[in-house]
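Presented below are the structures under discussion, each in the form of structure tokens.
Next come two complexes built around chain A: one with chain B, the other with chain C.
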Partner chain A sequence: MSDSQSPEGAAKPLLELRDLATWFHTDEGTAKAVDGVSYKIYPGETLGLVGESGSGKSVSALSVMRLVPSPPGFVERGDILFRGESLLPIADEDFRRIRGNEVAMIFQEPMTALNPVYTVGNQISEAVMLHRGLSKKAAREHAIEMLRRVGIPSPETRVDTYPHEMSGGMRQRVMIAIAMSCDPALLIADEPTTALDVTIQAQILDLIRELQEEAGMSVLLITHDLAVVAEAAHHVAVMYAGKVVEYASVEELFEKPRHPYTIGLFQSLPDLAKQGERLTAIPGMVPSATNFPSGCRFRTRCSIASDLCAGTEPPLVSLEPGGAHTVACHHLEEASKL
Partner chain B sequence: MSDSEQAPDSAIYSKDYWDLVFEQLGRRKLFRAGMGVLALLYGLVIFAPFLAGDRPFSFEGVDRAAYGSSLNSLRAVTNGMLKLVSATDDEYLAGLQESGTLGADGVPQTRAGALLLETDAMDLRLDVVAFYLPDTAEAEQAALLAFRNKLSEGKAAFAGGDAPKAAELLGEAKNITRDLRKTLRPLSPAKPELGGVALQSRRTLPLWEALWPREIFFMVLWILLASWPVWNRMLNRVVLGGDREEVRRWRRRKAFGVLGLSVLASLGWYATFGDGDDMYKNAPHKAGLISGAMVALPEGQLLGEGDGVFEPTWPPLTYGLAETHTEEMFRPPTWWWWAEIDEAGKYVRGPKANAEGQGGFKAAVTPVDVRAGEPERNSSMRHIAGVDELGRDFLTRLVWGGRISLTVGILSAILLTVIGVVFGCLAGYFGGRIDVAIMRLIEVLQAIPAFFLILMTMAFIPADVISPIFAIVIVIALIRWTGVARLVRGEFLRLREQEFVIAAQALGFSNRRTIFRHVLPNAMGPVLVSAAFAVAAGILTESAVSFLGFGIRPPEASWGSLVNESKNASNWWIQLFPGALIFITVTCYNLVGDAVRDALDPKMKR
Partner chain C sequence: MSDSQRSAPLLEVRGLKKHFPVRKGLLSRVVGQVKAVDGLDFTLERGQTLSLVGESGCGKTTAGRTMLRLLEPTAGQVLYRADPTSEAVDLFNLPKKEMRALRPDLQIIFQDPYASLNPRITVGNAIAEPLLVHKIATGSEVEDRVAALLKRVGLRPDVANRFPHEFSGGQRQRVGIARALALSPKLIVCDEAVSALDVSIQAQVINLLKDLQDELGISYLFIAHDLSVVKYISDALAVMYLGRIVESGSADQIFNDPQHPYTRALLSAIPHADPKKRKKRIPLTGEIPSPIHPPSGCHFHTRCSLAEDRCRRDWPENVALGDGHQAACHLVQGASVTGA
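Right after this comes the complex of A and B.
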């Protein structure tokens, strides 16, 4: 993963995580939720971040937004670069100008992510009044415009309704409208479709893609659903136990997954061709973040693990020199036969 | 409150949270009953000056005593001014030194300041004299004017720096006073042969002039709130045309309108009448009418000429808060079976009729003194709630005492809620060390028995530094905020994990904005409920503290201090009436609090 070999050529990454580690110091021990994660997002690109629950994909995004509850969570090492500049040393007051304005976030649960005591118009206006200094009237106009852009019918009346008067899909559209209201350069979508039914999921993903094309913004799409990734992402980073284990363009990953964990993920997808058979599942559970195994963290669940895996941690290396596809595994040969 | 009363007439309209809450509340009979009783009680105490007091609404007549004393003191005041003008600054200061008032509060420390004080005193007296002087008495008016001119010339000379000239003019004025006293002496109707000026009857508004602007504020506020359902409905139908969105938008405007009108009314009152008078200062009218110092006459009539009769309009209870009838001490409510008193002042039947004092002496009795405007001696309306140990009408004291009890309840609830919300927000939102520090502070406070802490604190606060009412409010709030703080902290801990709070932070809102605009409104339900209960608790605490003698002191009264006036079971009305009022108020607040809690709880919706 070097700049010169990036798919966008010489373009500079919008967001770059360098060996980021976010640990939670609890009474039960130190939970290394994110432990040495690096990924880059280029302007206009969508990066899918895939992994099981507890793999650290949300925490890495929350670290970018500085929303990790602290204490107990701290960024232990590594760096977060936005437009080439480190976000970590910025004071909290100045950081607020980035949040919501440059980097916006939408959440999984549209039922609880909107404040029940304000109208949706109110909630959209508040952000633009704060960041753009719009007047109340102009902000309301802007809110109506945003509702129209996210495809809410009759936005002039909807702007005065409360969240509980809307359906889940509508609310997610409102969430997107709020997040998009300040034209952010980067949108972090934390499982935006998990709580929605499938038809609405597709609509929301289409909407995000449309808005992305319109505004030229980058999207960090966090999900555990490979179908969503296939639908919406350009590049995919697969996370396991606080680390990125494989990074590739979406076509390549779906064509030729190389890491045993990624392969396991694909094998556990339901397949119409294998109707009637039992689903293949990855054996075992994600290890606890306070007590990761030594060496390769996947080895306790990996069928091709050896002593080498227990001894040294496999580095993330490119498959071909300078290639974009990187994998962290000692036994790529054996893995390709899985 | 009646926003939700109309049937929904537009399809787009859907009820918001507050619509649902108001609808729920409106459906509860106990809530409506509680609010009704509370509104009535607050109405009674807010309009107390119109219900009970010794000032007539309007008085037409002559205040002979005021006229006489003003006229007689003109010479002394002129003399005082003369002395100030002829002395030097050093002499004035030496005088202060001699009397030990150098640097004392309320004593002017410069000659000019002292002169200003004397001038004000003079103007006051001259105004009284001029007020009752008949329009037709031209010679007397001219004499008064000549005196006034001399005075103002003297003052002008002094202001111009010509002190000797001023002293000369004031000396001349002083010489006039002797003749003035003779010329302006009032005609005595009993001895018309001695001659003098027949004073003219003038109209005054003693009750209205005694009202404070703040009382006007609460009166207007109460009227607007009590009539809210009526005018609100008119406004919604006629002006807003029943448009639900418009009605919803007008909610805040209506609230500000009500407050604004009340403030305007009180400011207007201040501009017209100025400040009011303290309620426990007796007005001169009742005593004056009996002694003859005041004579009631239709306006414009001259004293001693014609025989018009003017009957002033008194409030329904014609007793001042501190007006005593010592001959009637501990008289029971006058509708009670042994309340009857004969002409000599002796009880006709019942326990006090045969009561013997110590050593076999019959208790000394005095005939009942029926003053102007009061009901007859044995009218059942004379003292509806009995009389206390100094012969003060108990119902009057109950009405005025309610002011303090209800005020203390509301103010302490507001103050303790504010303190509790602030600390609860800090602890719940930030967590960590702030949370630990605040929670330990709360635990320490809660470990001390609150009531004794309040009693002890009250005992150490001198009444002349902070008035006992505010002292008790502050002390209650400073000690009782812990419950609200814990409640708010709990709500914050719950809400902090909600995604909309994280979303607010993700939008770059400051901590303050997140706390007060996004988290707090969602935590307001339980806070409102606990505030309603806090009012009831505040009233009870004030009663208990006053009952033990640490709170409100006579001549002011609160329901708690009224219970304290007698611990003798035969004076049952002293304990019964204020006790019942405390009970009713506290019960109503608890009913209201209960109903609000139920209405705010989404799971209780039926």
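Right after this comes the complex of A and C.
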């Protein structure tokens, strides 16, 4: 995947989040899980969304799909644009035209996402009967075809099996078959390989890439694993505590990470460290979403934080014209020495 | 480490087997055996880390638990020497009472510390429990020991009164480590101990494990599926497939000169945190077969691109490759795989 799209190219973004804030109002206070997040995904590209647990990466995607449990979760401000149009004013009934049809999603644990009492064939058929108005018979044929496309052996018999009869890798293939059944323009993959063995992970990442090239769709790949991003994404947005702290092309980010948090993530990776050498861990842990620090949210774990960081939140600024690489840090000069 | 210590390893596992009966029907008759662990040999050196790696279902967790007699073994020997000079004892032959006396030496930490800590017992009491059970400390001494242990794993001593749910995943894993450390063990089995942690927290816990090893000379049996962590932390490695070890050697031998086709495919599947290194993978099609009906001959032949007739027929013997490097493959001849 060397032909990565440049964000300043002529293409308009397929999906754009503008200053999106999704908050959860709980007894313990307001959890600002997503708090002013902007990112764009261009047609045919894969955007990797990286961050630790609690960074808000999944909630931002669930907000796009309108799958945030509400209450307690609400979109407080900002906008979600799909093909240039805002998704927020669309009524719930009309939103079904988009969800599962133009935008589809797969999850980490396919066993909990699949319905255990329906055959996999039924679950694939359901989507195309609803969105494409296919007859039951045609939908079954389509389901078999989809199972074949995602590499399930003997799809004619597999179509009648139940999720529990399949392995984890097979179930994730079925999830992908359901998601792909209506030829979505955007596939949101939320930790699609986290629960899988490394060998099966490689198969699933290859499958997503093949299907993407075939169909020209965009992929929002949510993961905590930088190595998965390096393999599969064109661009990367790094999230921390409900904010995007850095955005760049995958080559640029891995070569010249600029934000102290991104740098810290790389230094934490055991596969980049030499054996026997101490890992440079980021001290402390991700702060609670109900009680983020003032100013820069990373400052409590940052070795170069100053009074400025406590007082003022750093804006996401472009390092060069065009916005190919953006970073939110007051101390880029010092960060380059980390 | 001196040569004299090397000559008397902490633990030698010989022919370790653990089979689970498969029962079916009204009378729960035994209709088959799941050969989860089917003849393992490995040696754990003092103060070193040996990793067992492989896909889910390969038997690595069962191996770790059976070795500690947390599961009753089907066959085999585990020869344990508390000191380099002491006589070896076979853990599987020890009467329960003597085994219990040895338990403090042999500890285990689990993947999900939340599931292994009692939610209604404060972490201070959870750490004190092994001290009291094994009568290592009494009275106010216990409190001091708990405080010291918490401090040692990087937690404030005043968290002793808190309950497990008040901790994050990384902190709970630190509590799990403190609990294992309470009895000054010689060996800790780390069963996917860092797999559930975020990368920045994972690095903290790996550093802690390394520090403890350097300071206290603890040996680790590290059971993991994340090969980048394994590469970083291990001295020696054993790669498992369907209940057997297919290749073993030093971390350097396995990662830089893998010989078994399975090891090669497994290593090539690891994604690299470098977009310029998107490399050609050795495709490993299909999935690990059921251990109830393992394939004949070499268990790996159904997924191996190099398989020949004899691979379908005969289980390959271990081939010594020098310096302790071994691989069980018909196609391995001394130095390299023919035709690879």
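For the reader, a short list of remarks on this structure follows.
In the analysis below, the second predicted complex is superposed on the first by the 326 of 338 C-alpha atoms of A that agree within 3 Å, B and C clash if a C-alpha of one lies under 4 Å from a C-alpha of the other, contacts with A are read in each partner's own complex, and residues count from 1 in each chain.
In this text, contacts are C-beta pairs under 8 Å (C-beta built on N, C-alpha and C of every residue); 3 or more make two chains touch, one makes a residue touch a chain.
Bear in mind that the values here come from a model prediction, so they are computed numbers and not experimental data.
After superposition onto chain A, the modelled positions of chain B and chain C are compatible, with room for both. Of the two partner chains placed by the overlay, only chain B lies in contact with A:Arg97; chain C stays clear of it.
Counting the residues of chain A touched by each of chain B and chain C gives the higher count for C.
Of the two partner chains placed by superposition, A:Ile222 touches none, neither chain B nor chain C. In the overlay built on the shared chain, the residue A:Ala328 is in contact with neither chain B nor chain C. Measuring from the middle, so to speak, at the Cα centre of chain A, the directions to chain B and chain C differ by 90 degrees in steps of 10. In the superposed model, A:Met65 makes contact with chain B only, not with chain C.
Touch criterion not met for A:Ala33: it reaches neither chain B nor chain C. In the overlay built on the shared chain, the residue A:Ile176 is in contact with neither chain B nor chain C. Superposed on chain A, the gap between chain B and chain C at their nearest CA atoms measures out to 7 angstrom in whole units. Overlap of the chain B and chain C contact sets on chain A: empty, with no shared residue. Chain contact summary for the complex, chain C toward chain A: residues 55-56, 168-171, 198-204, 206-207, 210, 225-229, 231-233, 251, 265-266, 269-278, 281, 284-285, 287.
Looking at the complex, you find that chain A touches chain B at residues 65, 67, 71, 93, 96-101, 104-105, 107-109, 112-117, 126-127, 130-131, 157, 160-162, 164-165, 175, 178. Chain contact summary for the complex, chain A toward chain C: residues 1, 52-53, 167-170, 197-203, 205-206, 224-228, 230-231, 250-251, 254, 264-273, 275, 278-283, 285-286. Residues 12, 14, 16-17, 245, 248, 432, 498-500, 502-510, 513, 517-518, 521-522 of chain B are the ones touching chain A in the complex.
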